[in-house]
């Protein structure tokens, strides 16, 4: 890390498959509009249940990216 | 919740009347520029005091909304 | 408090009106099947948003009650 | 805020009516002996239950006030 | 979410395979005796080690379900 | 630990004598109706004061037990 | 608890003998100048070591007492 | 504070010199695109090490600013 | 530390210059009316912003001091 | 668990594949120099992003092992 | 405390008798290989249950000691 | 970060001058016996008071370093 300034945003990704997939989905969506994504931090893992089974893994994460060029 | 991606932002609403009103004020303001607001989470409740009485209830909350269409 | 043993359960009450009402709803439901309810502790306040307005106040609380007679 | 020094004390107010009222009761009592009360922060909300109903809302809050003139 | 009241219980599921599997095991067991399971929240992930390798992934989670019909 | 599923409940035990005794009282009461109690975790220690002296040590603990046979 | 207002102060008691004794020492000292002491909450337990042995158990606790008559 | 609504964003500033300088760098960058910056809260202080010495102080902070005019 | 009893109070010091200076200002003010100040613990660092620059560093700290002679 | 004494160390494992794999990598490395590894606790999950995709899952965990024979 | 540097390690001591004894056991073991042990901080208290009774009190603590001479 | 494994240790550095200096002192001492120091995280800032003035700034930090070559 240099003397750049970074911003962190909070996202929730979800997946029917895995926690890793939910993280990837959130970051893929963020990378469509933001460049210089640098790191993520998992804040919370939860999900919904349907018919007695996990339907979605929902992962809240913070994503850090560099401001400016 | 589906496999959409959600973003959470942090707001502080205030009201002279009640905690519920402070929450509503923050969400009303957010809904002017953001669509698909889905849920909120209260993070902190505080306020200022004037002349020995509560002047404002100030509620920090996170608001989640769906990204994309 | 005496040397009785207490149990704490975690409930989520909701209300369209107020945080106090959501607390009351949870405790009213608990009191239908449990006696000796003694105290509650608010754990979390959140809710859902519909059409840019708060629809429900949802309050997670722990409720303590005395075991045995 | 200037370069004054502030002190924070911890109080518990209660009310049969509402959380806001419990906050007000604690601050009213504090303002009888302390001047320059400046802000409050809610630390915890809990209460007792009697006959299956909420009897009191008890709010623990920190109250900040300016030291000296 | 409507004005129903929900209860949250705390479970620990385990699996030799994955964290997701440990979550599923806990929810499957809960669904044998409880209906209306609605959501889960991961509280803690830990496990035991045998012969220098992970033997079990143990996930503590809270599971929320609707009370009444 | 095997691939069993465990449940954790939250209890408050109290004792005029010691913290250890308060823990034992809670677990003794739990063991009257629950089998397979496996471990406990202390969550909080508090108590009441009477005539300027500690009257009770009150210990909140979570108790884990194996579900099923 | 009634609609009285309570104040909580933070004390550190110590003892060469036990955690319970450290709690008692703090409350005994508080009761010399304060009346209406009502409850305590343990915040932290620590201590110093001398010659490879525990010398003191030091317990930080909050003590709540009723304001006014 | 009035009945305005505030937004809080999370930034990471860094500096080779001091923690205060890292805070200033983050706020300076934020003030280039945002007006009405009102307060900041330090969330975390960390940094990287190069050749056995601190290279950067990295401070994560939340910055609050007033929405609307 | 001996078997004395200590009290901890919570103060907020501020400084236009540095975090260290804000700590010193709070302790200097406390030492005007309290003797036997023994240690401090930083609880929170925040501050206000004016014209896009840090105006004050505000440090909340707990200060411990020995009761009695 | 017997009356043995255990030590806990904090490690960060990483993997391009999964969270489980990152945990395994950390424990494998620890088991090269330490015997009697007994359990682990996940403390934090984060990672870096490269070209808009997760590059590594980085898991901080505590690992407990028995001291002495 | 002087300008020495201290290291903190995390240990788990256990005892069939008391929490204090579990703390002592951990520190006695640490003092066999480490000198200059200075203080400890209790992080967690838990234990296992056998036949419906507490078998062990297990106390996780951090122990601080001075590095160098 | 690559797929290396990192270890984190907890140190307390102190300084009569500044928080930054206390951090540097801890890291300088660690670098005498450990290579590949990579990052640090501030956990706590506290200190002692002598004659009504701050004598030492004491900073607890975690230091991460790469294991193996």
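When the chains are written out, they are named A, B, C, D, E, F, G, H, I, J, K and L in that same order, and each has its own residue count from 1.
Assume a residue touches a chain if its C-beta (ideal position, glycine included) is under 8 Å from a C-beta of that chain, and two chains touch if they have at least 3 such contacts.
If you're wondering where the values come from, they're calculated on a predicted model, not measured in any experiment.
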| item | value |
| --- | --- |
| Length of the shortest touching-chain route, subunit E through to subunit I | 3 |
| Joint neighbours of subunit G and subunit C, given as chain labels | D, F |
| Matching chain pair for C-D (criterion: over half of the contact pairs shared, by residue number), options A-B, B-C or C-F | B-C |
| Rounded Å distance between subunit B and subunit I, as computed from the means of their C-alpha atoms | 32 |
| For subunit H paired with subunit L, centre-to-centre distance based on mean C-alpha positions, whole Å | 22 |
| Per-residue multi-chain contacts in subunit L, two or more chains | 9-10, 18-19, 30, 48 |
| Chain pairs that touch, as defined at the top of this document | A-B, A-E, A-H, A-J, B-C, B-D, B-H, C-D, C-E, C-F, D-G, D-I, E-F, E-J, F-G, F-K, G-I, G-K, H-I, H-L, I-L, J-K, J-L, K-L |
| Residues on subunit H engaged by subunit B in the complex (per definition of touch) | 1-10, 62, 64, 67-68 |
| Touching residues (chain side subunit L, partner subunit H) in the complex | 18-20, 23-24, 27-28, 30-31, 37-42, 63 |
| Of all residues in subunit E, those that touch subunit F in their complex | 9-16, 25-26, 29-30, 48, 56, 58, 60 |
| Subunit J - residues contacting subunit A, complex | 18-19, 44-49, 52-54, 57 |
